[in-house]
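Here is the structure we will look at.
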Amino acid sequence: MARYLSLRIVLGLISIIGVVLLTFMLQFLLPGDPAKRIAGPRAEPEVLATVRANMHLDDPVTTQLAAYVGSVARGDLGISYIRRRPVVDLIGERLPTTAWLAAVGLLVELTLGVGLGLWDGLRRERSRGLAAVNVLLLSVPTYSLGFLLLLVFAFKLDWLPPGGGTGPLDLVLPGLTLGLFGVPYYAAVVAESTRAALAASFTRTAVAKGLPRRLIIRRHVLRTCISPVITLIGLDMALYISGVVFVETVFAYPGIGSLQEQAFTEFDRPVLMGTVIIGAVVVIAFNLLADVVRALVDPRAQVQDAG
Amino acid sequence: MSAHVEVRDVNVRYGDFQAVTGASFAIERGTTLALVGESGSGKSSLAFAIGRLLPPGGEIASGTVRIGDVEVSSLAGEELRRARGRVVGYLAQDSMAALNPVLTAGLQIAEVYAARDGVSRSQAKRHAVEMLAQVGIQRPEKVAGMYAHELSGGMRQRVMIAMALALRPQLLIADEPTTALDVTVQAEILALARELQREHDVTFLWITHDMGVVAEIADAVAVMYGGRIVERGPAGAVFSDPVHPYTQALLATMVGAQEAAPKTPFAAIGGSPPTGAPPPGCPFHPRCAHAFAPCNGDMPATVSLGADHTAACHLLGVPA
Amino acid sequence: MPATRAATARRALREHRTLVVGCLLLGGMVLFALVAPLFGNPYATPLDGLTESGQSHGVLSHGHLLGTDELGRDMLARSAEGARTSLEIAFLANITSVGLGVLVGMAAAFYRGWIEQLLMRITDVFLSIPTVISGLALAAVIGTTVIGIVAVVTALYWAWAARIVFGEALALRRRTFVEAAIASGVPGRTVIRRHILPNLSSLILTLAALNGAAVVSIGSGLSYLGAGIQPPTPEWGNMLAEGAGALDYSPHLLLVPLACVVLTVFSFVLIGEALARRGALSLRRSWLDI
């Protein structure tokens, strides 16, 4: 287990370093002079020169890179051009808001996805109805789904708030939008592993032992589905976070996603890069977590992956 | 007194494909019948039909199977489920695949008890550990908490035996349980099986293609080819005096059997067993060195050679 | 004889209904883009473009089948013109991302060793970058032209294709006929061209269809967030952004471009599903049925 974990952590760290390098290169390529953003467009050349020196913008690229990597490693993501506050604080303030949304979405995704997948997997033939639902959900991008739900439930029916707040009711539509989009993936994975388990030799053994059908499904079939679902949560995280950005923008939900969207429109480079790095860290952390949980619930995983 | 297990005229079909034709035999209580043949001979289909474990799509088209006083071929629904494990137990070939990878060995034995008779969880667990000790596992408490991939092949097969015998079935169907094991472990498992058979007075139906295993464990032998039993009889009689050319060929493949078996014109069997529909006449005739005129015409009748020894071959001539 | 041929065609049509519907729909969207000039000038703000109270026309209003937007521009003309941009981005980005993914995945699977390690680590880095977040950052760098958006979408999506192709190509490479070819000294390039590519072609097609769906939604999505083609050039994504503000009083401003996006994604998903199903195994048995 220790060996397995350390291997995973090293791979995760390599990915994070890669992302930090990428964001550094992106900053270099970004149009516009950061010093001008700080000092203002009408600043005197002398002031500009001082700002440039303070920001180490005239240092060689390697020195700048070392400084950048160093500050990111210390948890310093720079200061927002617009809000004049540390990026880490800005993101930290909004983290709980986004975490709630993400949790509700994941709950919707897992309940519906696993439920539908099991229902389909236990049927003798694939359900055409479910296949149609899957195709439909796959065809409606997150933001489109959000607009449709907003139109129907907030504007036409007036049942739910149109967004902007952070109360429990404000979470319903965004959470549903975020969750529904992932349902087909989970349903497909669960249905597939259910079918694989039903056809597996160990199910024949369980039947031959005379176990009741319900027990076989609950114990022998369902347990083998846990591991692929956890793997999918990890794999899906990068896409899921994209969904968060869209959903937060559509519903004007004040989380990290809308912070980033604002940072983009305002050309607030440190905030933009900060959210990229944080997003990547979250994705990598979730992949790591998924691997660990999988190793705990599935005794085979450690052997397969580390072996 | 009638035999403990009686199989009468069983036909097994998968849709249009007839896998077993007219199989009949009996097994005495506490003895072992080895069902021998190459893959595709129908031996597994016949054994699974007897154990009511045919894969979906397969069915006993006609014939009866009786184990003790239970006619298993006519069981269905809840009755069938209750018979599983109690009337007939099953020992799978690939123990790695046959054990659930995410459940401990102990739980997989204990659940057999727990699902029955309102046995409590802790009682079931205790029974499971006892059963593990019975199949010769050292430190059974520790092994009960282990998963399939943590056990050696021999240990896994012992766990499988503990599971299969947990409810003291009357008949145990063993589907080549030792093929994946190395020779010494195989010998241990076979010895254990014999010992448990004596202790529990359980009848064995042992599927194998390995004549060495047959020599080790079988009291009686039934040789299958092309979905039919072509020769059957007491192990001693079949080994010392094989009548059917196919049996002779099988014995010739046995390591070190070259001297014991009568000299046959072919040491190994050429060609391969039929896959689709069997050829007309005797199914073995395309590969048989002794094939002559009637072989591709009619299916030879089963001829009694005395003392429970029968065979179906045109070389035996027309029965009187 | 013609009767049997017609019957065969009918049966084929029934078997591949999903594929046919998907292709027809996608073809329809392409046609819609091609005939855009027929629907008039998407930038014109005619006098009758707004109602007397200055409101936009709803759908099916006189002379404006899909209504007008808040400046009085014809929504049909704008959607069709938008289709040109959106579909151009989608097709280009799909080709480049799948193409790059296939190249990297096959190179990693074929050359193994340090090349595999390097390529797959890079792939992992790209896979762990949240798509939209980095899309915004990338768009800020590369800019919001068609080529820029294509580059952004490619950067975001090639890694998925690379992962999948790598897995399949690796499995293929271990197959006997490929190992035999390599062992007998057939040059690498020939092995890839003759043995690996043909066997991957069906996977690549499926990948391209499903990736097409993703690329259409992300392309329009980025534009919706402001990181795509900028107004006044019509594009489905920026039309969505314009319509989003008017959702409660003129929903057609949003629903028209939304329908365009959904129909296009739907067509790709249908094609992808049909192709994926063709390669899928038939139903497996269930031991619970015995």
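A, B and C are the chain letters, set down in written order, and residue numbers restart from 1 in every chain.
To be clear about the criterion, contacts are C-beta pairs under 8 Å (C-beta built on N, C-alpha and C of every residue); 3 or more make two chains touch, one makes a residue touch a chain.
Computed from a predicted model, the values in this text were never measured in an experiment.
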Next item on the list: Look at the interfaces A-C and B-C and say which one is made up of more C-beta pairs in contact.
Entry: A-C
Notebook entry, point to check: Going by the average position of its CA atoms, which chain sits the greatest distance from subunit C?
Noted result: B
Checklist line | Centroid spacing, where centroids are CA-atom means, of subunit A and subunit B in whole angstrom | finding: 53
Next item on the list: With chain centres taken as the means of their Cα atoms, state the distance from subunit A to subunit C in Å.
Entry: 22
Margin query: Could you work out how far the Cα centre of subunit B sits from that of subunit C, in whole Å?
Written below: 56
Next item on the list: Could you list which residues of subunit C touch at least two other chains?
Entry: 285-287, 289-290
Next item on the list: For subunit A, write out the residues touching at least two other chains, lowest number first.
Entry: 200, 204, 206-207
Next item on the list: Send over the residues of subunit B in touch with two or more other chains.
Entry: 53
Next item on the list: Please name which positions on subunit C make contact with subunit A in the complex.
Entry: 121-122, 124-125, 127-141, 143, 213, 217-218, 220-221, 224-227, 240, 244, 247-248, 251, 254-255, 258, 261-262, 265-266, 269-270, 273, 283-290
Checklist line | In the complex with subunit B, residue positions of subunit A that touch it | finding: 200-202, 204-212, 215, 219-220, 223-224, 226-227, 297-300, 303
Next item on the list: Provide the residue numbers of subunit B that touch subunit C in the complex, in ascending order.
Entry: 52-57
Margin query: Could you list, by residue number, the parts of subunit A that touch subunit C in their complex?
Written below: 11, 14-15, 18-19, 22-23, 26, 29-31, 124-126, 131, 135-136, 138-144, 147-148, 150-151, 155, 162, 195-196, 198-200, 203-204, 206-207, 213, 216-217, 237-239, 241-242, 245-246, 249-250, 260-261, 263-265, 267, 269, 272-273, 275-276, 279-280, 282-284, 287
Check: For the complex, which residues does subunit B have touching subunit A?
Finding: 51, 53, 81-86, 89-90, 92, 94, 97-103, 108, 111-112, 115-116, 147, 149-150, 160, 163-164, 166-167
